[in-house]
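Each of the next two complexes has chain A plus one more chain, namely chain B in the first and chain C in the second.
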Partner chain A sequence: MTAWNDSAGGKRVSAILKSRPFLTLAIVAAVWIVASFVSRGFGAYGHLRYLVELGAVIGLVAAGQTFVVIAGGIDLSVAAIVTVSAISLPLLSWQADTTGLVSVLAVLALTTAIGVVNGLGVALLRVHPMIMTLAMATFLQGLLIIIAGGSAVTAENPLVHWLGNARPAGIPAGIILWIAVSAIVLTVMHATPFGARIFAMGANPLAASLSGVPITSTTLAVYGISGFTAGLAGVLVLGMNGQGYVGIGDPYLLASIAAVVLGGTSILGGLGTYAGTIPGAVLLVTITALITVVNASPGWRSILFGSLILGLLLLSGREQARR
Partner chain B sequence: MTTVAPLLAARGVSKAFFGNPVLRGVSIALQPGRVHALLGENGAGKSTLINLLSGALRPDGGEIEVDGRAVPRMTPVLARQAGIAVVQQELSLTASLSIAENIGLGAYPKRFGLIDYNELAARAKAACELVGLNEPLSTPVGHLALGRRQMVEIANALYRKPRVLILDEPTSSLSATETKILMDLLERLRGEGIAILYISHRLNEVMALCQHVTVLKDGTCTADRPLAGTDAAGLVRLMVGRDPGDLFPKWQPAVSTTTAITVRKFSAGLMRDVDLDIRTGEVLGIGGLVGQGQEDLLLGLYGAIPARTASATVNGVSGLPGGVPKANALGLAYVPADRKREGLHLIHPILTNMMLPAFARLPALKLRSRKAEGETGRSLAAQLAIKGDLQRPAQALSGGNQQKVALAKWMPHDPLVLLLNDPTRGVDVETKREVYLMLRAFAAAGKAVVLLSSDTPELVHLCDRVAVVREGRVAAMLERAALSEETIVSAAMGAGKQKVAA
Partner chain C sequence: MSIVPSAKPAGALYWPVQAHRNIGVRALFLVVLAFLVAYGVLFPGLFTASGFAKFTQSWFPLALVAMAQAILMLTGGISLAIGATVSLGAVIAATTMAGPLGVAGGTAAVALTGLGIGAATGFIVVKLRLPAIVVTLAGSFIIGGAALLILPRPGGVIPAWLSDLLAGDTPAAFMLLVVIVVLWKLYLATPLGLSLYAAGENPVGAYRSGVPVDAARVAAYAISGLLSTGAGLFVAAQTGSGDPVIGTAFTLNSIAAAVLGGIGFLGGQGTMRGALAGSLLLSLMISVMFFLGFTPVAQYVAQGLIIIGAVAIPQIRKVQK
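Right after this comes the complex of A and B.
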């Protein structure tokens, strides 16, 4: 046992076993196994696939959120941006755009721009991220009520419809989208200088700035990414839902933050990985499904979420004191 | 003397972190009316010993005694009740609170259950007068220069009227005047029967102030004896375990006539209308009392704070950089004084810290090569004698090694101008010597070094020229021939030329 632990490969294995992403993944697996005994249909391939598809929306929103949190901020406007995306897409449709690609790109450009405005407020006006993004969320919600009112809008966009319903090779398009985004996010985060800058900025912004990290442009990029992924999630949710309405994005604000924290990313910034956020997102939808299956009050879902976040934090060691 | 029970003592204490022994069977006894020096290189276990004495840590073996009685479970609260006050090396003040609030923190006088601010002000003022703090008591501590904050920290310790005063490198950020005030104060406190434990890397202070010395090396006690009859070289030998040689390297001037940086009427922060030429191949010292604007001069040149200038040329490009990334591109590098707050990412691996300037300059989305990074890191570690696994977080390193990492990260970029802000503050003798050698080698290679230092001997022995800053202006530019501790200190304090002669 000791010999195995002392070898370099053994060290790496034991480091992975002890890591938060793995811990979260293990809990997901445990919940799946237990739940499939409780309810026959829970462990069926089709159901699990459905859970991951639901997790994809949270996972996409949480991708941008992970960047923002690692960079030492927080984005409270993601839910509003999801709604903006899901409502403005049906409104931004052109006759000539037969595939629907142009309007999707236009919507993503719009949500990215909203994120960049968040970044401008944080980096240049030095507004606290919480205040800046909360103000942005409130502003957007007001605007949406004026534009869309209370009525739902239906999307006639082929690309969006495909994303929400197609199953190439039996795998839902949403999951494929999530896998692609995850690959890009993990690469950018851990294998590029840009990713390293974000970690540095979150751990110690002053030292990062004195080391030559361009703080302003990095902050703009981080919030821009968050706007982009929230916009993408909005497109997916619209496709899965068929209709967009005010409030469609609301569940994704706390879910995105919970997924990030469950995945082991430090809410103080500077430490973490999207590799933890992914199982975090799946864990969230799994628990929701479990509550539904055992027919318990939705109150239990919130109680479980809260206990899980605290429990996982205690299990993997509390945030170290920072000086 | 031996019949008096020590106020505070450690008997054969041991402490290990993660199986790594830091202290092994160390004893120390603090007698009333004695200034006891604790010497040792960084990582020798000095801070751990202080933490044991003050109850911040519990020893694995051995005992802590107060007034000759063993205290089985020493805690910071018990230590405070026993009249033990510690002035930490890392400042522990609350920046947004006022001087008075910081001094009284944790022991506010109460009246009808509320804080009695009048009483607090009176008692804080008394403590301030002891250490020569004359700033208004309501000033937020965050507005003070590092040296003044240190004085607040000392005032905070005195406020509790301690019987035992432990000072961990109190003078590392103090100016010559402030150091003098502190020395006089400690001498007076000693006369009042207080036991003082004094830690410093400045041997001349230790020789002047202390009566007894304990030397730690690698967690064991190598000397515990009266200071009388010991010389500085002997102490260094006990610390490093070999002959000290000269602290400062021998060097030949390598100044050229070309200038790396020229500024006219340069203003930034406290600095006003400064004309300065920094030549290639020289080490230009920046001296003066702490907080006269020296730091703003460096930060302004580096583009980290807004600066104005009538004209400027930086490595052949006209105009100031105006931003750190631009300054880096022009070949400037800056090593901050407060390495934990400004220089390093403590929670990140040593290797990542070393590579950060590279990450800041490389194209944002270029794929990183872990292999190349590892090689660069290993060669930097070898070059600067940084030991151990580079994947450990930087906070695992001792102060001296952290400073080396803060320096090392710029080396792959081959900077043309190195701006250093007190690079040897709180660094052990051995690391100091390595840093000095590096700086002179750097100058000899035709680069420019700007060395801001609060350590006057460093300015005298290492610099080609020294600009002495007072009240935001260069009060004197001293050439090497005119350099001495007296000329620097008198220029810093604004003493006229006749007074120096007299």
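Right after this comes the complex of A and C.
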């Protein structure tokens, strides 16, 4: 980090080259180049664009997860929240709402509220984040079956349909949404007092509290953001799929955590950036796509996926020894 | 602990230390006792030989995975792969025991797999310094995939006499649990076992005092793997066959039981008897909800609420003090 204090431009460049986000980006580029030589059609513009579009869902879920992890917590309820969002959206629609905007906002309010409840449990009841969010996931899982009754629901919401299928200027709307969210997240994280408080809280909650960081409201905000972005991802995945069903969000739990860690954010909190999570999310969908190309049985696919994540962790996810 | 210089013989310190450790879990023991009494009143069948056998059998696998999780949490680790490891143990048992390996060979295969998986996980987490949550989350995919390879759909056979012995009208499960608890006590008396708490509570201090921190943590992962595949073997014996996803629910339940039992996430806090009591409480709650006719869905909702409540109440009381 000393390189940042030197005004010499060369040192700044070398610091960027050595940083975790850049390393993850380099891995993505290397995998794409190798894969496009090995498998014809992988490197086509349309295919890569599709990969990034899929990555947008993971990237959105992982945005909230990055906030939570940097603040020293973890959110294991994101998969359930994605499902809640995708299933409750068709239920929360009104005839008068022709654009579908109101029901999307209602769903986002609902998922944000779920996140805030997580935050209340962590901050006020002092339940460990892992227990609080796992219990929330269990709770939501039961609730979802009651609401949806196990059948798939179809969305007839113009806004959601546009989000999942439209391509203004050739770029899928999902990617545009992701770019917008990324810009906001990076600004909030690195250029606002709120962002600084999150890093302080994750590095040392006691010191942060003594220095005047409002721990309770910051925790509520962080889990609320996670609920919000998971809800947004649910809306997007509903638009892309056209249908919502119980279990639609399940793949995004491991994916969101893996994207955060592969991007160089410390799972212990206090260290990291969303700039690493973005290539981390793209890397994950790339791995999934490669495994699909290999055409193996579900068992082998699962083994390959786990092993590749583990191997990539060795490259970029190691914790520095804190001795 | 017992190294404190003292004129008393070493044994004299044992009970005060144990009593001190009991302080945190005393309330829990009372709650478990109350639940047991209520359960016994509601369902008097508990006090017959077969009722007792059935009850301990429904508790046994949860007790094993709670111990598997607790030993990791005591060293400051955690595993999100317990459920997958239970499934793998179940499918290995169901595919080997009826074959040429026989029951003895199958049990050995299950035990060696558990030890091997645990040791490998421990090596990756401890020696390669990767975060345990992510390693075990990725590991759950690898282990779950292996279980799917061995047995793509539910099937396989467990010899009928073994099912009768473990899950019939005998208190074999309870006896096994007693044996495991005795073995745990013996393990705590070995150098590695003694290092367990030290490695969890203050790894740097323990390392500087010459405690084999890394070895203790890797050994904890190996034992945890063994307990998990053992639970899988038992589950397979209960159902009479193997199922590649049967263990999924054990991941959350193992963490919940350990935390209900007063095991802390930071390492070195809590006791194994607390974790066992926590697993008993959880098992009782699940049984009571089942007998009261809760649908599986309502059980999910109630379980989520109860876990949060049970964890939150002691924390709130601590803050108020």
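Note that the second predicted complex is superposed on the first by the 290 of 323 C-alpha atoms of A that agree within 3 Å, B and C clash if a C-alpha of one lies under 4 Å from a C-alpha of the other, contacts with A are read in each partner's own complex, and residues count from 1 in each chain.
Quick note on the criterion: contacts are C-beta pairs under 8 Å (C-beta built on N, C-alpha and C of every residue); 3 or more make two chains touch, one makes a residue touch a chain.
Computed from a prediction, not measured in an experiment: that's the story for all the values here.
When the two structures are aligned on the shared chain, A:Gly306 is found in touch with chain C, with no touch to chain B. Of the two partner chains, chain C is the only one that A:Ile257 touches; chain B does not reach it.
When the two structures are aligned on the shared chain, A:Leu48 is found in touch with neither chain B nor chain C.
Looking at the shared chain after the overlay, A:Ile145 reaches chain C, while chain B stays out of its contact range. By the touch criterion defined above, A:Leu125 reaches chain C but does not reach chain B. Once the two complexes are overlaid on the shared chain, A:Leu314 sits against chain C while remaining clear of chain B.
Between chain B and chain C, the partner in contact with more residues of chain A is C.
Of the two partner chains placed by the overlay, only chain C lies in contact with A:Ile267; chain B stays clear of it.
Shared contact residues of chain A with chain B and chain C: 320, 323.
Those residues of chain A lying in contact with chain B across their complex are 187-188, 191-194, 196-197, 199-200, 203-204, 206-214, 221, 270-271, 320, 322-323.
Listed in rising order, the residues of chain B touching chain A in the complex are 90, 302, 304, 324-325, 327-328, 334, 336, 340-348, 352, 355-368, 409.
Chain A meets chain C in the complex at residues 74, 121, 125-128, 130-132, 134-139, 141-143, 145-146, 254, 257-258, 261, 266-268, 297-307, 309-310, 313-314, 317-321, 323. Put simply, chain C touches chain A in their complex at residues 78, 124, 128-131, 133-135, 137-149, 152, 204, 252, 255-256, 259, 265, 297-301, 303-305, 307-308, 311-312, 315-316, 319.
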